[in-house]
Structure formats: structure tokens, C-alpha cells
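Here subunit A shows up in two complexes: once beside subunit B, once beside subunit C.
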Partner chain A sequence: MVLWPHWLVAVIIIPLTGAVLTPVVGRDRPKVASLWSLGTMALTSVAATMLIIRVAQEGPFSYMLGDWARPYGIELRFDEFSASVAIICLLGLLALMFSYRYVAASIHESRIPYYYSLLLLNLTGMIGFVVTGDLFNLFVFMEILSLSGYALVAISGERTAEMAAFKYLVMGAVSSLVVLFSVGLLYAVTGSLNMADISERLAGVTDRLPVMLALAGMAMAFMVKAALFPLHIWLPDAHAIAPSPVSAILSGLVVKTGVFGLLRAYQIFYGAGNYDLTGLNTALVWLGAISIVMGAFFAIFQEDIKMMLAYSTISNIGYIVMGLGLASQYGMIGATVHIFNHALIKATLFLGAGALIHKTGYRTLTDLRGVGKSMPLTCMALSIGAISIVGIPPTAGFLCKWYIALGAFQAGQPFFGFALVFGALFIFVYYIRMVNSFYFQQPTHPEILSVGEAPLSMLAPVLVLATLCLVMGILGRLPLSFIEPAVLRMLGTFGG
Partner chain B sequence: MEVVDIRPVLAPTLSFICAGLIFMTGRKAFWRRFWSLSAALLKLGVVMSMLPGTMNGTVYVFKLMDFTPGIGLGFRVDALGMFFAVVSSTLWIFTTIYAIGYMEPEHAKVRFFGFFALCVSTTVGIAFAENLLTLFLFYESLTIVTYPLVIHEETPEAFKAGRKYLTYTLIGGALVLIGTVIMYQTSGTLTLSQPGVLTLADGTRTLTVLFVTLIAGFGVKAAIMPLHGWLPSAMVAPTPVSALLHAVAVVKAGAFGVLRVIYNVFGVELLRQMDLTTWLAWLAAFTILTASFVALFQDNFKRRLAYSTVSQLSYIILGACLLTPMAATAAIAHIANQAFAKITMFFVAGAIQRTTGKTSIHELAGIGYRMPFTMGAFTVAALSFVGVPLFAGFVTKWYLSLGALEAGAWWFVIVMIASALLNAAYFLPIVYLAYFKAPPGTRLHIEEARPTLLVPTIVCALYVIMLGTTAEVPGMPFSLARAAVRFVFGM
Partner chain C sequence: MINALWNNLDYAASIVLFLIGLYAVIAKDNLIKKFMGLNIMETAIFAFIVALGVVDGGDAPIMGEGARAPFTNPIPQALILTGIVVAVSTTALALSLVIRIHKQCGTIEADELRELE
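After this line comes the complex of A and B, so read on.
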């Protein structure tokens, strides 16, 4: 079962087919559309599980489409980093489940099948993005997920949503073009689009200028996708205005594709072995540190709960990028695991916030005062998320903070260890405001005390995620030791 | 001899479960009280059952799991940890009884008792932590779970105090985290089971940075000046919170952390070679005297107690910094001596406030005629702080002075004497006011606090006397302190 070679194709084909068929199957029947997409995602999860079991057993493996050997054929490659499909499927399932009641209330009925279709497409794009071994395919999947992302932001049809989507579109389109340009450059220099192949051939390239230009282009474009400060300006509006399940996906997963792209670029260049990446590393570490602080700084002034969460994403991307830039074993492990953990945490927060907005109709901290008494479970989940994201042990966020800080000292750059740990304190400032307003302040709107908990289809995903935030903190060694060989392999190829 | 045993984990888990039960069933007063009291008793039972073994040199260990690869969430009961655990779990019982009486008219009691239990759970976790990461985990959790208690009143003033509390303690926590990272990077281990794991070979500069980071981190909760600012403002919390947390659990967690750093991370030998503790000893001496001076001018009862706490905590730091066996004994023993005396005083302050509504010292004239037992307990605690023989405080002072002489630092003896005088100057006037400055015509008219407030107060006062008179009796806390010192100094 596990060794069936076609799972790697199935994991893309299943959601893609499901997505295309959703508007047909679910036409005028929103409930059917919802169940259909859930079923699709469940099937995809089965495929993903098989792949992860296999990679855990035997390490990375490839699948050549149509049995064409590289560089002519298209290669799908599943390594430890690709195991991110687990979190994509998990969040996808939970967000779809959450959407069942949420979009019924917030999106026009005729658009609902398209909503599910777009969401599935978005997830397909991400799955493809992490399992492809081909640089041009990487670009294609990136476009799939970006285009569906723009539409999802705009789907509520409100004026602000359209504006946010437009801003997102402009930034996204420019960065996509830059990626395409860089891919073209690499193809021109090496004559291949296969990542492993490019990596091998790059070692022998003598004219370094176009190669470095390509690297710079990819790094910059992926930084836009990852919303690293100062390229973050599209993010807060888009993430705050989108429907909450979409925000969870966008903030938890879609921005990570930028980071993931960086990781793939690193793999290519570390693999080549003779490129000096110190300059890029330094830039990343600094930008990461600045992002942590600036994200937190902007978030402090936000009144809108989702806006606050959106800015907090910028800080967390800062953690990850800093970890990558440190290029030390611990830092790298911490960064890759934080891709996973932050997705869990941020999804908890966005879905929790979505539940609050759905039930109360309010979205600012002042209006939401006292909601902890009427929606205790949701607020508990949000508090757990808040504690996790600040990195208080024993929650999921702590381990990454610990590892990245350790990485900073290991790389001989203790300053960034300090920046990270104290930057996290900044983040606490605004999360404590959230907790205060839920539990300890007198309600602004007394009627908020009489709303009940969200329906089960919304509450369950939130609680599952909050539990995972705790579990991943306590059992944090599992992802850490899972990813370790991949990181060692990647760093090991770099200068021996 | 190390024995694998479940009890080190059981002790913190019990109060953790208790907190869960309170949150679930605590709307009914009966269940709230039932769970609080039974968990407190059970926990004391568990801790006490390990006492004889610890006395004989048995060390109970339990490794729960690997937290990150290589670093376990480990528990280990040695003499020092045991000492702290015994003190905090004994006091939990008294404070619970007191809180049941005190919190009667307050709101949000479920939250209060739930987080109260969580605090005690984390405190015992700190006491039994096997490595610095486990210690940090509980240290940071303690900050989080005390926050709802500090802002319990939900007034703007309380929020302000809460913000200040979090700012100070989270920065402290961040420093501890950095210190933990540096220690792991330097020595490859985080264990607290050795009398020092670092060596001079680790580099003087790194060691100095590490020492300063860790001491500053733990020093926030231990309220070493100038890191003490949060403590007086946190007095807005209800009295049982001030009593247990700000005289015992939170501040002692800081002091305990400092002891762990000095004795188990660096080790006495290394610190002697590096001469790192001298400045800290001076800082502690400065804190002792300055805080006492400030206390002199406080009219709010609880604020005066708070500054006295700041001053008294630095006895522990000073004792630890002198690096001699006698001084170390005093430092460890003072964890208990200060705790019982200070909690008595807080109980008194709370009892007076609940019974008469008075919160300022100048209003207390003649209170001894209305609440003679309460004020009697206060007198005992005050005499203990002044350092009168037969009371607990004397034991500390005596050994601390001996330790200072042992270290050849006679000037700290003068600090001791000055501090004793200052303690007399700010505590005895209260006693004087209560008994001898009654408005003319006052008669003995007993209106004591209700029994739930009075009984814990008196029991704690009796404890103070017991600690002072039975220092040499085997099986008393003092012998535990001795056992800890023997391990640390390799005797």
C-alpha cells in the first residue's frame, strides 16, 4: 500500500480534479459542494499519509512523470521538507470543515461552490509546490496558489476586500514574474529545469553573474511572497479581510510557500557546493530580526483582532527567515519546524477569531470585551494560541524559539539570539491585550455575554488545533528529529 | 544514591489536576474548597513521604520524556529542592484555608482558586526540576499563571500592576532563556544534578556573560534592586495572593533559581576562582539596607511588608554569594524562615483589612485591644525579623554572620546588625501602636477575625517559633538545609 509508486501523483491529481469538479457537483447546492470538497481533501490526506510513511522509512524518493528521465521529464520529488503536505492537508481539512457554517453566513450563496473550488485549488497549488522537483513546475504551482489566493481574498465582494485583493495581486504578480525571470536565467545557464540537475551543473558554471542574479531574483521574489519586512505591505489587509478560514490558510500556509521557495533555492545552491551564500545569509538574518520587531510594533497599534494576527504573521516569518539565514544546524531545524508549528498556531488563532466574529459580529478588541465568559472554549483555544505564538513553554512555539536561539549562538551570532528572545516579548504585549479584553475587562456591549459557543463544525477545528499546539510542544522532538537528517544533508553538502 | 520514583512528578501533577477539577466543577463552593484542600493535603503527603529518604541521601529522579532531542523533561528531588517543596506545599494548605475565608465576598472565585492551584503546581515543578530547561519551563509558566491573580481586582490600577509585573518577569524569563541557551552551547548539558558543571576552560568572558544573564533573569523575581519594581505594585492583588506568591512562591522561585545557578550550574569552586560573586554580594547588601530604608516611610501596611520582603530576599542572595558552608546554610534556611514569618504578617494585614477595613499603619492605633491574637502573631513575626533569639530569623542571622566571618568579610556582619535595627525600626512601631497607643478609654473588646483567617495566622506564627527553637533537632527543615550544603560543598 505504502509503496504504491503513484501516490506522489495522486496527491496532486486528486485535489486538482476535485477542485475543478466542485462547481459542477455543487452547483446551487452549497452543502454538497462543502461535502464534496471535504471528501476530496480526505482522500488527498490518505495519499499524503502514505507518502510521509514512506519518506520516514526509506528517505527521499522521486517519481518521473511518464518515465522520462531527467532532464527531459518532469520529476516529482518527495523529501523530508515535502512532508509539509501533512500540515497542508490537516489545515485544509479543518478550514473546509470550519467554512461549512462560516461561509453560509458571510458569502453569497451563488459563490459558495466557487469558494470551495478556489480553496481546493489553492491547496493543490501548495501541495504541488512542495513536492515538485522541477523549477518550472514550482513556478506553475506558485501561480495556481497565488491566483486562487487573490480570488479568495476578494470573494466576499466588499469594496475593501477588492482593494486588498488588488494590492495583493500587484505585489504577487510582480514577484511571480521575477521568479519566472530567475528560472529562465538558470535554464539559460545550465540548460535544465530540474532542481537536482541544476544543482549539479551549477558547480561547473564559470560565469557567475547571471547565476547570482537569478539567486537574488528568487530570494527577493520569495521574500515578497513570504511578506518579509519591508515587502510585507500587501499582507495585513489581505489576511484580515479575507474570510477567516481563508485567512487561516493564507497566514498559516500560503506565506510559507515563500519561505519554502527560499529553502528550495538554498537546496540548489548548497547542493552546488561552491557558492558563497554569506551575503544572502546576512541579509536574511537581519531582515528576519527587523521583521520580528516591526511586525510586533505594528501589531501593537491594531484594534481589529484579525489585523493584529496578520501583523503577527510578519513577526513569525521573521523567526523562520532568521533561522534559515543563520545557516547553522539548530537554526535551520528550528526554522523548518516553525514553518509547521506556526501554521498550527496561526490557524488556531484565525479560526478562533473567525468563530468570535461569526457569533458576535464584532471584530475589534474593545467590542469583544467579556467574550471569554460567553465563549469559554473558543477563548481558551485563542489563549493557548497566544501563549504558543509568544513561545512560552511547553507549547509548540517554544521549541522553535529555543532552537533558533540555540542556532544563533551556534553560528557565533549571539546578538540575534537576544533579538529573537526579546522580540518575542514585544509580541506578548499585544497578545496580552487580547487576553485581557476576553477575560478581565468589563464588556462594552452587554449583549455579548449572552452569545453561546460557536457550532460544533467551527468549534471542533479550533479545539483540535489548540490541542495540537500543546501536543506539538510536549512531543516536539518528533518533528525535530524527523527533519534533522534533511537539514544535515543540506548543510553537509555545503563545503563538506 | 538515585532511585527512580514517580512521586517527583506526582507532586506537581496533583495540583495541576486539582486546578482542572476546580475549573470544571468549581462553581459550587463545596467542590472548590474540597478539591483545593484535598489536593493540598495529598500533595503535602506526597512531598513528606519523600522526606525521610532525602534526609538519608536518597535522590528521587524521574525522567518524564525527551522534550527536545537530548534534553529531557526531568524531575529530581535533592535536599535543596526538597526544602523549597516542603515550604511551599506546607504553606499552600494554610493559605488555602485562609483564602477560603478571605475570598468569600470576592468575584471570580473559580478563576482565583484554579490559578492558585496552578501556581503551586509550577512552584513545586521549579523545586524538583532536574535541568535548567525544565526549571525555565516552570519558571515561565509561573509568570503566566500568576498574572490572572495579580489583576484579580480588574481595576485600572490592577491592570497597571499586572502590566508592570509581566514586563519585569517576562524580561527576566527571556534572560533566563538566553542563559540556558548559552549554558547548553558552552557545556552541552543543562543538568542541575552536579555541584557545578562549568569549568574555567569554558572561557572567562562566556562565563561572566552567562553568570550575569542568569542572575539578572532570576534576580527579577528575587527582587534584587534595581529589579524589584514590580513587587510593591503587585500588592494590589488580594492578600492571599500577596501572601503566598509575593512572599513565598514567586519571589522564592527567583531566589531558588539564584541558588541553583550558584551551586549547581557554576559551583562554589569555580565562583571562588573567578571572583564573580563579590559584586552581587554588595548589591545584595545594598538591597537589604535600601529596601529597609524605603520600608520605613511606607504607610500602607502591605507596601511596607513588600519592601521588607525585598530586603529579606537579599539575605538569601547574600548568603549564597559568600560561598562558605555556614552562609549557604543560612541562605537555604532563610527560604523557610522568611516565608513563615512573612506569610504570618500578610495574613495579619489581610485579617485586619477584612475585619476592620483598615489598610494604613497610622490607623492601627489600639488594634491590639480588638484583635489581640492577630497582633500577637504579628509580634512574633516582627521579633523574628529583628532577629531575636528563639525566633526563626535569628537562626539566619547567626549563621549568615558566621558565614561572613568565615569568608573574612566582617563588614557584612555590620550590614546584618544595621538591617536588624532597621527591621526593628519599621516593624516594632506597628506593635507599639497596636498595644500602647490606643486612644484614651479603649478597653479590651475582642472582635477577632473569623476563624478561617485567624487559625492559619496563629499556626504560621507558631511555626516561626518552632523553626527558631528546633534548628538542631534532626528531621527539621534545618537539617535538610545542612544536607543540601554538604552536597554543594562536597563535604
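After this line comes the complex of A and C, so read on.
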């Protein structure tokens, strides 16, 4: 069962087919659309589980589409990093479940089937993005997930939603084009589009200028996708205005595809072996550190709870990118695991915030004062998320930040270790503000004390995620040791 | 330097086109113009990649009677076909967003929209 070779194709085909059929199946029947998309995602999760079991047993494996050998055919490659399909499927399932009640209240009924269709397409794009071994396919999947992402931001129909989506679209489209340009350059230099193949051929390339240009282009473009500090301007509006389950997916997963793209670019260049990446690493570490501080700084002044969470994403992307840039074993492991853990934590927070907004109709911290008494479970989950994202042990956020800090010392750059702790303090400040207004302040609107707890279809995903935040803190060794061989293989002689 | 540019005129031209598009995206206030800039950038990249596959005196790579080497590399063209599809869908989405923005705010000038916010 586990060894059935076609799981790797199935994990893309199932959600893609499901997404295309959703508007047909769920036409005028929003409930059917919801169940259909949940079923599709459940099937996809089965395929993803099989893949992960296999990669844990025997290491990375490939699937050649149509049995065409590398470099002629298109290769799907599943390595330890691709195991992120687990978190994509998990968040996908929970967000779809959460959407059931949420979109019924906030999106026009005729749009609901399209909403599910777009959400499934977005997830398909991400799954394809992490399992493909072909650079051009990477671009195509990136476009699938970006285009559906722009549409999902606009779907809420609120007044500024289209504007936010347009801003996101322009930044996203420019960065996608730069990726395409870099892919073209790499093709021109190596004559191949297969990542592993390019990596081998790059070692023998003597004219380094176009190759470095391609690397710079990819790094820049993926930084836009990941919303690293100076290139983040599209993120807060888009993530705050989108429907909450979409915010959870965008913030938890879609920005991570930028980081993942960087990771793939690194794989190619580390694999070639003889490229000096110190310049890029230094840039990433600095930009990461600046992102951590600036993201936290902006978040402190936000009144809107979702806006605050959106800025917090910028901080956390900073942590991940910094870990990548440190290029030491611990830093890299911490960064890759933080991709996973931050997705959990941020989804908890966004879905929790979504439940609050759904029940109370308010979205600023002042208006939400006192909500801790009327929605105790949701607020408890939000508090767990807040503790996790600050990185207080024993929660999920602690271990990866600890590893990234260790990585800074291992790389001989202790300054960044301190920057990280400083950033965490900053983050602590504004999450404390949130928790404070939930529990300890007099309500601005007395009627907030009488709203009930969120419905089960919303509460369950939030609580599952909050529990996972705690569990991943305690079982933190599991992902760390899972990803370790991949990182060691990638760093090769570099990190030691 | 001049010689190198002259020999790679196609590449240089697509870079210039790309920068023109980028200028429009950054500097123009009208959302449609912004988007036209983006389309210019797209075309520039497509031209660049198609130009990669051109072989001097190359023939269409269709095997069979009368086929004679050298052949033009078909892969970049196949890639760009996909790229065009992506570009078309981006354009469609952006234009529909512009229509909605105009309906809701009554303007599509970025500076006026900023004031409205």
C-alpha cells in the first residue's frame, strides 16, 4: 500500500480534480460544496500520509511522469522537506471545516462553491510546489497558488478587499516574473529544467555571472513571496482583510512557499558544491533580523487583531529566513521546523480570531475587551497560541527558536542570537496586550459578555491546533530528528 | 562591451523592455496602466526565453520526411505557451479586480484610492 508508486501523482491529482469539480457539484448547494471539499482533502491526506511513511522508511524518492528519464521527463521528487504536505493537508482540512459556518455568515451564498474551489486550488498549488522536482513546474504551481490566493483575498467583498488583492497581485506577479526569468537563465546556462540535474551541471559552469544573476533573481522574488521586511508591504492588508480561514492558510502556508522556494534554490546551489553563497547568506541573516524587529515593532501599534497577527507573520518569517541564512546545522534545522510549527501556531491564532469576529462582530482589541469571560475555550486556545509564538517552553515555538539561536552561536554570529531574543521580547509585548484585553480589562461593549462560545465546527479546529501547539513542544524531537538527515545532506561539507 | 551587446541584441532588448514595464508598474498611478506595465514585463520575459531557443538557420523540429538539422529548440516555446496561459489568467483576474474597485470606489487612480482609505 505504502509502496504504490502513484501516490505522488495522486496527491496532486486528487485535490486538483476536486477543486475543478467543486463549483459543479456544489452549485447552489453550499453545504454539498463544503462536504465535497472536505472529502477531497481527506483523500489527499491519505495520499500524503502514505508518502510521508515511505519517506521516513526509505528516504527521498522520485516519480517520473510518463516514465521519461531525467532530464527529459518531468520529475516529482519527495524528500524530507516535501513532508510539509502533512501540514498543508492538516491546515487545509481544519480551515475547510472552520469555513463551514464562517463563510455562510460572511460570504454571499452564490460565491461559496467558488470559495471552496479556490481554497482547494490553493492547497493543490502548494502541494505541487513542495513535491515537484522540476523548476518550470515549480513556477506553474507557484502561479496556481498565487492566483487562487489573490482571488481568495478579494472574495470577502469588503470595501478594501479588492484594493488589497490588487496590491498583492501586482507584487506577486512581478516576483513570479522574476522567478520565470531566473528559470530561463538557468535553462540557458545548463540546458536543463530538472533541479537535481541543474545542480549537477552548475558545478561545471565557468561563466558565473548569469548563474549568480539567476540566484539573485530567485532570492529576491521568493523574498517578496515570503514578505521579508522591505518587501512585505502587500502582506498586512491582504492577510487582515481575507476571510479568517483564508488568512490562516495565507499566513500559515502561502508565505512559507516563498521560504520553501529559497530552500530549493539553496538545495540547487549547495548541491553544485562550488558556489560561494556567503553574500546571500549575510543578506538573508540581516534581512531576517530586521524583519523580526520591524514586524514586531509595527504589530505593537495595531488595534485590529488580524492586522496584528499579520505583522507577527513578518517577524516569524524573519526567524525562518535568518535560520536559513545562518547556514549552520542547528540554524537550518530550526528554520525548517519553524516553517511547520509557525504554520500550526499562526493557524491557531487566525482561526481563533476568526471565531471571535464571527461571534462578536468586533475586530479591534479595544472592542474585544472582556471576551475571555464569554468565549473561554477560544480565548484559551488563543492564549496558548500567543505563548507558543513568543517561544515560551514547553510550546511549539520554543524549540525551533532555541535551535535558531543555537545556530547563530554555531555559525559564530552570536549577535543574531541576541537579536532573536530581543525580537521575542518585542513579540511578547503585543501578545500580552492581546491576552490582557481578553481577560483583565473592563469590556467596552457590555453585550460582549453574553455572546456564547463558538459553534463546534469552529471550536474543534481551533482546539485541535492549540493542542498540537502544546504537543509539538513536548514531542519536539520528532520533527527535528526527521528533518536532520535532509539538512545534513544539503549542507554537505558546508555546515559540518 | 558594445560588441557583446550587439551580439546579444535580443537579450538586451528584452531587458530594456522589462525595465520599461517595471517603470510603469512603479510610477503610474492608474491601475490599468500599472497592469499594462506588468503585461509589458511579461512579454519581455517571454521574448527572452523564446530567444534562448533560437538557432541560426534552425528549422522547426518536426521529424519525418524533409527534416534537416539544425533544429530550433522547442522547449522554450513550449514553456512560454504555458507562461502565456498564466499571464492571460493573471490579466483576467486583475481586470476584474479593477472593475470591482471602480464600482466600489468610483476611481482607479492609486493616489485617489489612497485618500479614500
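Annotations
Keep in mind that, in the parts below, the second predicted complex is superposed on the first by the 492 of 496 C-alpha atoms of A that agree within 3 Å, B and C clash if a C-alpha of one lies under 4 Å from a C-alpha of the other, contacts with A are read in each partner's own complex, and residues count from 1 in each chain.
One rule holds in what follows: contacts are C-beta pairs under 8 Å (C-beta built on N, C-alpha and C of every residue); 3 or more make two chains touch, one makes a residue touch a chain.
From a predicted model like this one, the values you see are computed outputs, not experimental measurements.
Once the two complexes are overlaid on the shared chain, A:393 sits against subunit B while remaining clear of subunit C. Using the contact criterion defined above for the overlaid structures, shared-chain residue A:53 touches neither subunit B nor subunit C, since it reaches no partner. Ranked by how many residues of subunit A each touches, subunit B and subunit C are led by B.
By the touch criterion stated above, A:43 is placed in contact with neither subunit B nor subunit C.
Of the two partner chains, subunit C is the only one touched by A:177; subunit B is not. Residue contacts after overlaying the shared chain place A:213 against neither subunit B nor subunit C. By the touch criterion defined above, A:159 lies against subunit C but remains apart from subunit B after alignment on the C-alpha atoms of chain A.
Applying the stated contact rule after C-alpha superposition, one finds that A:409 touches subunit B and leaves subunit C untouched.
Looking at the shared chain after the overlay, A:418 reaches subunit B, while subunit C stays out of its contact range. Of the two partner chains placed by the overlay, neither subunit B nor subunit C lies in contact with A:32. The part of subunit A that touches subunit C in the complex is made up of residues 136, 140, 143, 147, 150-151, 154, 159-160, 162-163, 165-166, 169-170, 173-174, 176-177, 180-181, 184, 187-188, 193. By the touch criterion stated above, subunit C contacts subunit A in their complex at residues 18, 22, 25, 31, 34-35, 38, 41-42, 45, 48-49, 52, 75-76, 79, 82-83, 86, 89-90, 93-94, 97-98, 100-101, 104-105, 113, 117. Every residue of subunit A that touches subunit B in the complex is listed here, in rising order: 387, 392-394, 399, 401-403, 405-406, 409-410, 414, 417-418, 421-422, 424-425, 428, 432, 436, 439-442, 474-477, 480-481, 484.
Note for the complex: subunit B touches subunit A at residues 65-69, 73, 111, 133, 136-137, 140-141, 144, 147-148, 151, 154, 159, 163, 166, 170-171, 174, 177-178, 181-182, 184-185.
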